[in-house]
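Letters A, B, C and D mark the chains as written, and numbering starts fresh at 1 in each.
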Amino acid sequence: MFFASDNAGPVHPEVLTALNRANEGYAMPYGADDGMGRVRTQIREIFEAPDAMVHLVSTGTAANSLALACMCQPFETAFCSAVAHIHEDECSAPEFYTGGAKLTIVPCAVDKMTPDDLRASIAAEGTRGVHGPQRGAVSITQVAEKGSVHTLDELKALIAVAKEFDLPVHLDGARFANALAKLDCTPAEMSWKLGVDAVSFGGTKNGLMGVEAVIFFDPKQTWEFELRRKRGAHLFSKTRYLAAQMEAYLTDDLWLTSARHANANMARLANGLRQIEGVSFLAEPDANMVFALMPRAVHKRLHDGGAVYYLMQGELIGDDPDETLLCRLVCDWSISEAQIDQFITLATG
Amino acid sequence: MFFASDNAGPVHPEVLTALNRANEGYAMPYGADDGMGRVRTQIREIFEAPDAMVHLVSTGTAANSLALACMCQPFETAFCSAVAHIHEDECSAPEFYTGGAKLTIVPCAVDKMTPDDLRASIAAEGTRGVHGPQRGAVSITQVAEKGSVHTLDELKALIAVAKEFDLPVHLDGARFANALAKLDCTPAEMSWKLGVDAVSFGGTKNGLMGVEAVIFFDPKQTWEFELRRKRGAHLFSKTRYLAAQMEAYLTDDLWLTSARHANANMARLANGLRQIEGVSFLAEPDANMVFALMPRAVHKRLHDGGAVYYLMQGELIGDDPDETLLCRLVCDWSISEAQIDQFITLATG
Amino acid sequence: MFFASDNAGPVHPEVLTALNRANEGYAMPYGADDGMGRVRTQIREIFEAPDAMVHLVSTGTAANSLALACMCQPFETAFCSAVAHIHEDECSAPEFYTGGAKLTIVPCAVDKMTPDDLRASIAAEGTRGVHGPQRGAVSITQVAEKGSVHTLDELKALIAVAKEFDLPVHLDGARFANALAKLDCTPAEMSWKLGVDAVSFGGTKNGLMGVEAVIFFDPKQTWEFELRRKRGAHLFSKTRYLAAQMEAYLTDDLWLTSARHANANMARLANGLRQIEGVSFLAEPDANMVFALMPRAVHKRLHDGGAVYYLMQGELIGDDPDETLLCRLVCDWSISEAQIDQFITLATG
Amino acid sequence: MFFASDNAGPVHPEVLTALNRANEGYAMPYGADDGMGRVRTQIREIFEAPDAMVHLVSTGTAANSLALACMCQPFETAFCSAVAHIHEDECSAPEFYTGGAKLTIVPCAVDKMTPDDLRASIAAEGTRGVHGPQRGAVSITQVAEKGSVHTLDELKALIAVAKEFDLPVHLDGARFANALAKLDCTPAEMSWKLGVDAVSFGGTKNGLMGVEAVIFFDPKQTWEFELRRKRGAHLFSKTRYLAAQMEAYLTDDLWLTSARHANANMARLANGLRQIEGVSFLAEPDANMVFALMPRAVHKRLHDGGAVYYLMQGELIGDDPDETLLCRLVCDWSISEAQIDQFITLATG
C-alpha cells in the first residue's frame, strides 16, 4: 500500500525491455544516436508539430528550468501560482538557470490561478519602469499541484491573459499524460492549439527511470537550448538510454495506458475515501493524486496497517481522534486494485 | 571497429541485471532508498574514508561543476591545465555553477601541468589584491586529457604546490578506474592520502549508463552540496536506479576489471600502431585512450575499412598521403581483441 | 513646490564645500585615501561599534544588494515585506548579487510586517528540505516604504523572530537619518543593540550626491565584501570624493540636522493636509514622506498650480472630482516652509 | 612627484564649477534630468552618431561589464589580450555581469594582440560544438595596458578579424581621450568607422570624479542596457551630477585639452628617462603611461627623493644596484612640468 509518490514505483517492464534492447553495440553519443531521432519524430507526430524542438533531460526540474531560461531574461519575472513546483519544490533552480529572474507568485485558492488574479499580477508588475523586473513568461502546471486538472477552457482563459500582455506560456507537464487522460483530448489541443509555447513533457512520474522531454513549438531557440543544457550539465553522453525509454513510452500508447491506469486507480481510491465520514479533499482528484483531509483515527489505522504516504499537515500522534490531518496520496501506474481495496478497508475501520 | 569514445559502447550486462533487479516494488525517492545507503558504504570502504560525503549525479560535467561550486567562491579562480575538460568541454558549466568564478589556464606541454608552471600560475594570480580574482581550487584530471596517467609522484608534486598556497584540490576522475588500473595502487593512495579533497569518480565511461559519484573526504559541505545539486536540477527522484548501477559497478571489482580490460585493449592497439611507419603518439597511452598522429594513407585505409574514430586535426581528403593527421582512439570495456587486430591489419595495409 | 522625491533636491552646500576642499593634490585611490579612514572612524564612533566594517558605495541598491550577497547563499531566501525596496524597486539586483537567492514576500497591511506574519513566512519556508530554498536573512526597511517609522519595540519584535530562527538581520536604512530623527535614539539603539547585523546607511536621499555606507557590526566578512563590491563594479578609484561627502555629512550632525529639517517639513505639510476634507494617509507620515489619498479636485488645483509629485494610483483627468487618487509626497532637506504653505494653500482651494 | 595613477590626481576645476552650477533647485532623477539630455546630444555629435545609445555610469569596470553583458551570452566567450583590464583588474566583473561567460585570453607580446593571434584564438574556440563556449565579442583596449596606442591600421586589422567571424567589437576606452590625442583623428574614425560596436568612453582617468559613458552605435539594446544597469545597481538617482561632469568634460574640448596635456607630460618624462643609462620601456609610451625598467639605484634615488609610483616587479631593497626593476609611471592632466623635471633630475642622479 504505497501511495507516497509516483516517483517511488517501479519502471514499466516495457521500458526495461527497451533498455536491454538498446544495449547492443556502439551508438554515437550526445544525442547523435538513432533512437534520439526516432523519439523526435514520435513527439512531433503525437503533437502534430512537425517543426518542434524536442530534447530530453533526466529530471523535471531540469526540464522546467531550462525551458524557463530560454523564455525569461534575467531582468524579467515569470508568473506562476503560489503552489507551483517551480516556486516551491526546485530549490530555486529556475532562478539559477535564468541567471536570477524573479518568480511572481499569483495567489490561488487551491492549485489553480484564476484569469483575474493572473491579470492583476501581471498588470501590477509592469508599472515601475526600469526599477522593477519586466514581465516574463507565464508558467502553468498541468496536472496542478493539488491534483486538479485544468479544463481546456480554464487553460484557454489563462493563456489568453498571457497573450494580452504578449507573454510566452510554459506548461509544466510533469504529469502531462495523466492530464491528457483526464481531458481525453489530443496533445496539440492541450498545448500549442491553446497558445502554449513550451512544454515540460514528463515521463518519470509515469513509469520511466528519469526522462523528460522539453518541447518548444517554435524551434528558433534550439541551439540556445542545447547550449544551456550542456552548460547546466544535463547533456548525457549515452543519450541512447534516455531515448530508448522515451521511445518505449510513446510506442503503442504505453504513456496513455499507464496514465489511464493510474487515474483509474485514483478514482477507485477516491470513491472509497468519499464513503468515510470526516474525509474531504482539497481539490477534486482529477488525475492520479489527491490531497485528503482525514480524521486522525483513520490515519492511525492506515499507518498501523502499513500504508505509506506523506502527512502534509498535522501529527499522527495526538489527543483528538477526530482532528483532520492533511495527507497526499498518489497512485502510480503499477498499483493494484487489491492494494487500493485493502487501503480503503483499513481506512474504513 | 568503434574507437570514437568510451561513451559509445554498451553498458555492462551486470549493470543491466542490477537495474532489472532494482525494479521491484516501491522505493523511497530522492536518495532515501536503501541502495543509495549501500553505495555510500561501498565507496567509503573502497576509499578507506569512513566519513566521506558520497553523492551520485548522472554526468561528469555535473560532478565536476558541483564539486567546484562547493570549493570556489564566485570571486575566485580555479587552476587547471590548458586542455582540462572543465575548461574545454563543459560549455562553461563550472563558471555557471560557481556563480562566475574564473578558470586560470596553466600551460601544459601535452596534458600534464608541471609543478613549476602550476606554481607560477598561482603566484601570478595573487598579486592584484581586490582587483584580481582570488586564488581558488586546483583541479587535476586523472587520466589526463591526452591519455597519459599522472604517476603518484607527479600528483604529489602538483598537490604540494596547491598546499603551499593552502588551496583545495579537486580530482576530475572521469576515468578514475583506468588510472587506478594503470598505477596499481589503492583509491586512497591516489586521492586523500596525497591531499586530494574532492573526487569526481566516473562510472559512465567505464560501463554505466550515466552515473558518477562525487566524493568529499571532509563531509562538512554535505548539505551545501545537496542544495547545489537540487538547485542544479541534478537530484533524481528515482535514485535507486543510479544507486543500482553504481552498486553493481563496485561489486566484485567490476569497475576495475572493466578498466583493466579497456587498458589492455589500448595496450594491444598501441603495440600494433607502433609497428606502423609514420605513426606517433602525443602522449604515452597509459590508460584506454591515445592521441595518434598517423599518415593520411593509414587513415584512409581505416576509414574505407569501416573504422570509426574522431579526426582531431587534418582532413581525410588531401593530396599528400604521408601527411600526418591527429586522431583520438578510445577503447571501451567491451571492445574485442578481434576488432583491435582487424584495425591494426587495416592500418598496416 | 517639488515633492516628487528626496532624490531630486540639491546637494547640501557643506557637501559641495567638502568636495572642493578634497580636490587638492594627489590621493591614493581605491579606498586608501585618508578621508576614507576618517569616515570609517566617524561611523564607528557614531555607532559605538569600534570593530565595525564600513564601506562606501554610490547607490542604495548597491548597498542593499552587496549587504545581502554577504548574508545570503544562492540557495537561500531572504524575507522582506511585500513593498520592500529590495523587492519592488531594484530590478532584481538582490537576486543578481546573491547569485539567484529568492526573496520571500511577507504580507504587510501597509508597510510594516507584523512579527506573526514574519514568523509564519519563515516557518513555512523551512519545511521542504532540499526541495525548497533555505531560510536566509531578514531585511527590514526603516523608514518603511509608505512613510512610517518602526518604533524600537516594533523592530525588536521583528528581530526577535529572526533570531528565533537564527537568521541574520539587514536594515535597509536609505532614510536611516530620518528614522533616527523621529525616534530620537542613538544609531546603536536602532541597530546592533537590537540585533541588527548589517545596515545600509543612506546619504543620497538626505543631501549627498550619491553616497551610502554599508556597515557590518561583525567585521569577519570585510574582505568578502570588498571583493563583491569590486566584482559588482562598485569600487570607485577616486574614493576621496565619496569619503569627503560622507565626512561632511557626519560632521557637526549635518546628517541629523538635515533629516530633522525634512521631517519637520513633512509634519508641516501633513498638518496642512489633514485640514482638507477628503484627504487621508496610507500610513502615519513619521518621517519625510507621505502617501496621501486626496480628491481629484485637490490634485487638479495642485497640478494646475505647478506642484510636482507622483500620482501612484488614479488619473488626473476624470469625471468625479471627489474620487480619491493616491499620491506620494516627499520633503527633502532643502524645501522651504514657504513652498509648503503655498502647496497647502493651493490644496485647500 | 606623483606618478602612481591618473586616478590619484584632482578633478579638473571646470568640473567642480559645473557641479556647483548643477546644484540649483530640483531635477528629475534617474536620468530624466535635462543635463543627461544635453550630454547625450554632445556625445552623438562628437561621435557623428545621431542614433547612438549613450548612458553614464560611475566606474570603468561598470562600463566594460555592462557593455559586455549586452554583447555576450552566458554560453559565449569574449576575446581579449592577456593583459586586458577586463581580464586582470576587474575581479571577474565581466564574468559576473554576463552571467558566467568566459574570457578567452589572446597572447600578446606586450599589450597589443596581433591579428594572427586573435584569429587563431577565435578559430580554436569554435571547434567543439555544444561542448565548448561559443564565440562572443572581441574587446580591445585603447590606450593599451602597457601604454601603447593602437594605430588606426592596427585597430582596423583586429576588427577585420572579428568581422571575419561576425563577432561584435567592444573598445575599452578608459583612456579614449589620450589615445585620440595621440592619433589626432576623430572619435568616429577611432570607433564606428572602423567597425567598433560599443565603446567604454572614460572620463575618470582624465579629470572627472567618477563618470564613464557607454556608447552603442546601434541603439537596439538601449532598454536592455538600462535594465542591466539598474539591476547592477549602477543607475544613479541624482544623475544630474554625473551629467554635469560629463557635460563640462565635453565642452570646449576640455577632455582633449586635458588628455593632450597629460600626453605631453608623459613625452617630457619619457624623453628625460631615455637619457638615463639602463632605462628601457616595455612599450612605446604613446599616451600618458609608461612601463619602465630602471636600475635599482635610480629607483632608490627617486624613492628617497619622494617620488610616488608603483613598482610592478622587483624590490627596492637589494644588493645589485644595476638590477632593473619594472615600474609604472602615469601622468595625469594636472602634473606640472616642474615636477617632471624634478623627477628626471632625481633619476639622473
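The definition used in the following text is that a contact is a pair of C-beta atoms (placed from the backbone, for glycine too) under 8 Å apart; a residue touches a chain by one contact, two chains touch by 3 or more.
In this text, all values refer to a predicted model and were calculated from it rather than measured experimentally.
The interface holding more C-beta pairs in contact, when A-D is weighed against A-C, is A-C. Taking each chain's centre as the mean of its CA atoms, D is the chain most distant from chain A. Each chain gets one centre point, the mean of its Cα atoms, and the points for chain A and chain D are 51 Å apart. Between the CA-based centres of chain C and chain D the separation comes to 34 Å, rounded to the whole angstrom. If you average the Cα atoms of chain A and of chain C, the two centres end up 42 Å apart. Across the assembly, chain B contributes 30, 74-75, 90-92, 96, 99-100, 130-131, 227, 230-231, 235 as residues in contact with two or more other chains. Within the complex, the chain C residues that touch chain A are 74-75, 77, 88-92, 95-96, 99-103, 105, 128, 130-133.
Put simply, chain C touches chain B in their complex at residues 30, 73-75, 99-100, 130-131, 134, 224, 226-228, 230-231, 235. Interface residues of chain A, counted against chain B in their complex, comprise 2, 4-5, 7-11, 13, 16, 19-20, 23-30, 57-62, 65-66, 90-93, 96-97, 204-205, 209-210, 227, 230-238, 241, 308.
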